[in-house]
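Both complexes below contain chain A, partnered by chain B and then by chain C.
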Partner chain A sequence: MIKRVEINYRGIFQKNLGKKIGSDIVIIASRMGRIGFSNGRYSDSPERNGIPCKYFAFVSHDLSEEELEAECGAKLDIDQCDISVVLDDTMLKGVEPWGWHGVRPINEKVQPNGTLLVVTKRTPDELLEFIAKKPYSWKLATYSGDLSFGGLWVFRDDLTHEKTLGAVAGIDSDIIGIEAAEGYLRYKTPKEPARAEAARLAYEEVRKTVRTVKPGEGVEWKHEIPVLPKWFEFMEGAAVPAVKREFSLGPKGQSRNETFKRGTTKNQRPVVRFDLCTKCTLCWLECPDQCFDQTDDGLYDIAYEYCTGCNKCAQACPVKECIVMVDELQFTDDSSPWEAYKANPEKYTEWAEDRKSTGRYIHPMVTGTGLEFLEGELVPFGGKRASPKK
Partner chain B sequence: MIAEEPKTKNVYEREDLLTGCQAVSQGVRLADVDVIAAYPIRPYTEVMDALSKIIADGELDAEYIIADSEHSQFEIVKHASSVNARAFAGSSGTGWCYGFEALVVTATDRLPVLFLVGNRALDDPGAFGVEHNDAMAVRDMGWLLAWVTTPQEALEHVLIGYRIAEDKRVRMPMALAMDGAFLTHSQHMVKIPTAEAVRQFLPPYDLGEGRLHPDNPISIAPQVNEDWVMELRRQNWDAARRARGVIKEAYREFNAVFGERYSSPFFTEFMTDDADTVLIGLGTVCAPGRTACKRLREKGHKVGFVSLRWFRPFPTIELRESLKRFKAVGVIDRDFAHGSPDDGGIVMHEVRSALYPLKNRPAITNIITGLGGRDVSIDDCIRMYEIAQKSKTEDKLDNFVTWIGVRE
Partner chain C sequence: MATETIVYDKIKGVHKIPLEEFYTSGHRTCQGCESATTMRAFIKVAGPRTVVTGSTGCMYVANTSYMTTPWIVPWMHTQLGAGGSSAIGMAAGLRALKRKGKIKDEPINAIAFCGDLGGGDMGLSGISGALQTDYDLLIIMYDNESAANTDIQATGLSTYGAQTTFTPPGSKHRIMQKRWKKNVAGMLAVGHPTCKYVATACATFPPLDYMNKVRKALAVGGPTFIHTYDPCPKGWDFHPRYSHEIGEFGIKSGLYPLFEIIEGQVVYTYDCRKTAKGRTPVKEFLEAQGRFAHLIPEDVDYIQKRVDDMWEEWDIPGVAPIKGVLKA
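This part shows the complex of A and B:
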């Protein structure tokens, strides 16, 4: 018997969190007399900021370590898993870790009756609006928590690690038991009972939130999975044809790489108030991924499929409330915001303000900056002229 | 086979979850290394991360020098070794090749530094995954070269490696190779030996009259040209031959201190007693290889697996004696030797050459697989067994090499 746990995390920001969870599953399992080991999907490296990555933990009660290694460790990725942990709920929109991989459903590896385990503030029903349907039934469970980002390489010690251990125990005690998890946390940090308590709370929480997802429940997956060429079907000499540079005004005016869009890297996307825009060009200039397409009226459309959510445009924009970063799960598609604005400026603006709301969460991208909460401002359509940021 | 429990009590102080790289760092700590030179390249780098922490935590008193390139890195440890400092470095892939000039002279100067080679494809194109060609590059240069397959073996072979390399009869640098990702980055529970047990096994490094020191004035590597080089090569050739005996001795001693960890020093046989067909390979391919072997045994196939550990010196006699018992041998190469005889891989050529003097040789077939970090599954290994089994009766001359795992 083999139990496979997959831990989906955002590269660099959550690497140590992912690794700690994988390691501790193995240590707790081995304290229970089970055999285990942990590794990461090596091809994920080097981990660019925010890129979806995976860590794994494997546990068995009866196999030798070598057989477990042969079944799980000799492979780069797994075929299926008992539990797939998701450490950032915006990854539910799909994961594309590298070129020619395609945008894959987050629950791709969840086996029949396996569980997708998500740390989130949303309900399982809300999450199912983003997750691909499967031909068999599987389970979805949530435990509550904020996005655990600590900056580059930094482990943000906010109990997500302990909660995840408890949640895994709550879903499948054949992987780790909750008493063993609590015992280990108490042994490791005897003066910090909150750690074991957090594990217990998440353990109880997932047992309440877990629900069965019926075959066919979920969304139709629209992303194609690329088929790689055979050895004699491509250019020799380690050369790859580049995308021919083309440019015209309007949405999707620039030629772009169809085989690596990178949009699943973001957990926030920039929402633009075209009516406040002064056409200063800074967003277009600053964007490191050339996501802004100039339009014939001097505004800039955004190709969201290619946006990595880096926040540079929002930082560069000199106008208050004009470009604001918003949680990615507020959006169900990547259609052109400029087209929506042109079709109905008033309706678009109302929609944009509704998405933006007034809460601003700035996750630390740089070590030591910490999570910032700012109060934003509602700016109704036509109600106020563009004003500079202070 | 590997015995589970050591005979001697209290040779282990604790058990930790460690990657292959971290396990090597624990070996370096226990070997009480004096000088470490670091320069980063994936996948070996984690050993240097771990060592810098070990030193910062006060668990090892060593000079930790950050070099400006692999060439400097290897020169630093070479020179450190010449003044009787136990030295450690390592690299991967093209980084290892960048320092090649230094690697070659470390062997000629007979300085027993231990290097970790986290096997990595020689990019271009950009690739981090395992291929054995990087470490194989030193195979003819007077190096000791061995592959380990688990973090536990990795830790132990730092100790075994220093003991053999520093032995007066050997004095050769040691390349400890391990598969990138599959071992360097895989975390397993590892038993950490006590310092006392290590002291029993690994004597202090003593260069004796070869030590570069004002009290012992010598000059290393002067210009000698035609007058001396051939004799120096002859010394080195002899040392490599002597190393085989020293290796056997080292494993005997290791088993005496730590319990029966290793049944044979050079390679490990699995289910070979009555086998007619075996696969042989280096590195972590042994895990799917042995598991495939077990599955085929359940169906009545007489198959076995030979996990080759030592590549330099090559265990000619021992391997010849072992492999002559079988009807067919499938050699797994996680490397390439483009344009070589029969277009086979490096390991195949060595194994076939070792078998040549036999009157009745087993049928040999060659499998190239797992390049650039491509995974090798249990099913892939079952296919390899089928190919090797067929080679007993089929004329394989036209189809000697099979690529497994390539998109075709």
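This part shows the complex of A and C:
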């Protein structure tokens, strides 16, 4: 018997968090006399900021270490899992780690009676508005927590790691037990009882929030398993067809790469108040993903399915409140904001303000050796604004 | 595709920038990737009559996930150290095809790009060779100060003191990146009298500066070289939203000199000498990034001193570390 846990995380920002959870599941399992094994998804390397990635942890009661490793060693992906941990709830809108994959449902690998475990501040019922339905019943559990984002060199120590261990124990004691998790955390950090307590609290929380999702519950999700071209189907010299050249003013006027849209990289998106826009072009000029389409009236439409939520447009925009980043779960589609504005300017502005009021994106940022910066009206950076603009 | 004339005119204002993209959306770069902006800007102003090669690096791997690409113009991957040689091959091939009448005799831009490891360290000899030819080619080195594709290893162009996978700060040895940043643009300009145009640039600061430098280089013909400075949110450790501002900090602090050398004349496009615009303290640049979080004030003073020295003591600031001629 092999128990499989997959940890879905945002590339780089949560790399250290995902790795730590995976390795600690293995350590705790081995302290319980079980055999564990953890690895990252091979195809995720090199990781890019924000792209959905995975770590895996495998636990077995009866296999030897060699047998477990042979079964679970470096693979492109696993076929199914007992627990799928989601460390950023905006990934529930789907994940697209590479070209050709399409936007895959987050619960794709959850097996019958398996569990999707989400760190979120929303309720399971709210989350089910985004998650794909399945032909069998599965479980959804949540535990509350802020989005834990660190950096390449730093791990953001905000107890999300301990909570996740407790939550995994709460779902399936065949993977790790809560006493063993607490014991390990007390042994590792004897002077910090808060760590073991956080694990226990999350353990109790998921046992309350866990609910069974019936077959067919959830949203319709069209996703076909991608069929990649075979080697003999390649063009001469292994050439790849370029994107077709097309350009016109207006929404979707620029041709774009159809086989990799990567919009699932974002956990926030820019909301534009077109009525405030001064047509300065800076958002379009600064966008590293070429998401902005100029329209015939000089405003810029956004191709949201290609936006990665990097904040550069909001930072570059010289008009206050014109471009604001809003939490991705506030949106259900990627339709053109400019067309909505043109159809009914008042309604659009009202809608944009409504999104901003409920989902304005605020999260603390950790950098370097773990210094933490909280976002105020404009982001302070060591007590100062990062921008040299006065 | 209908043949289009190449435009080399100076772009006077952001509203005059061509709207059409030839490096389009759908690439696997980081959020807020400045190098993607560099790619996008050079091909935007070079136009559709351009062929591009790119050596291995972030901008190769991120742009070619299996069988998918954001490029609209012809683009070819070449090996890590082959930026220069592939540029010669491409330019020579185009010249031969035109001479033999196989393709129409019309200007076609040949651009090769390479990263700071591929261009500044490993492929330096190839680029040096390319700059001694008389072919019309442009080599762009996008410098994110690390081997960013393989999770940030130090290169000869990483800033002194920076944390990388190869140079992690420890309790005994705080500074592991002890090498001073290699001055590739200056080296190539000083060592290659045949090279018609050498410039350093940053994709976002000063606005339009980089785009116009690319146009200028392409108009001159070749061989030409541009070194761009690309803040990397992943490896320099700052929030992606700041990637266009960090470059501005680096340039204003004088750490990264902006100049162009046309026919032996140095023109500072952002003059950091005290007699001109002056410099902001390097501290402001360093403290904005996580990779310098381990530096202590003495380290910052040391970097500041070397930067001051470069701007005030060198005969040609930022280009050649020479402080005059000794009398016999």
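As a working rule, the second predicted complex is superposed on the first by the 348 of 390 C-alpha atoms of A that agree within 3 Å, B and C clash if a C-alpha of one lies under 4 Å from a C-alpha of the other, contacts with A are read in each partner's own complex, and residues count from 1 in each chain.
Simple rule for what comes next: contacts are C-beta pairs under 8 Å (C-beta built on N, C-alpha and C of every residue); 3 or more make two chains touch, one makes a residue touch a chain.
Keep in mind that what you see is a predicted model, and the values were worked out from it rather than measured.
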When chain B and chain C are modelled together on chain A, clash or fit: fit
First, second, both or neither for A:228, with chain B first and chain C second: both
Touching partner for A:69 - first (chain B), second (chain C), both, neither: first
If touched residues of chain A are counted for chain B and for chain C, the larger one: C
First (chain B), second (chain C), both or neither touched by A:104: neither
Touching partner for A:39 - first (chain B), second (chain C), both, neither: first
Vertex chain A, arms to chain B and chain C (CA centres, degrees, nearest 10): 70
Partner chain in contact with A:247 - chain B first, chain C second, else both or neither: second
Partner chain in contact with A:26 - chain B first, chain C second, else both or neither: first
Smallest separation of CA atoms, chain C relative to chain B, angstrom: 5
Doubly contacted residues of chain A, that is, touched by chain B and again by chain C: 45-46, 228-229
Chain B partner contacts - residues on chain A that touch it in the complex: 22-23, 26-27, 30, 36-40, 42-43, 45-46, 65-67, 69-71, 73-76, 228-232, 238
Complex contacts: residues of chain C adjacent to chain A: 1, 14-15, 17, 19-34, 36-37, 40, 48, 58, 61-62, 64-75, 149-152, 163, 168, 204, 207, 233-235, 237-245, 248-249, 252, 280, 284, 287-294
Chain B - residues contacting chain A, complex: 15, 17, 42-43, 124-125, 128-129, 150, 180-182, 185-189, 284-285, 287-288, 290-292, 294, 373-378, 406-408
Chain C-touching residues of chain A, taken from the complex the two chains share: 12, 45-51, 98-100, 151-154, 228-229, 234, 240, 242-245, 247, 249, 254-262, 265-266, 280-282, 285-286, 288-291, 294, 303, 306, 308-312, 314-316, 365, 367-369, 371, 379, 381-382, 386-388
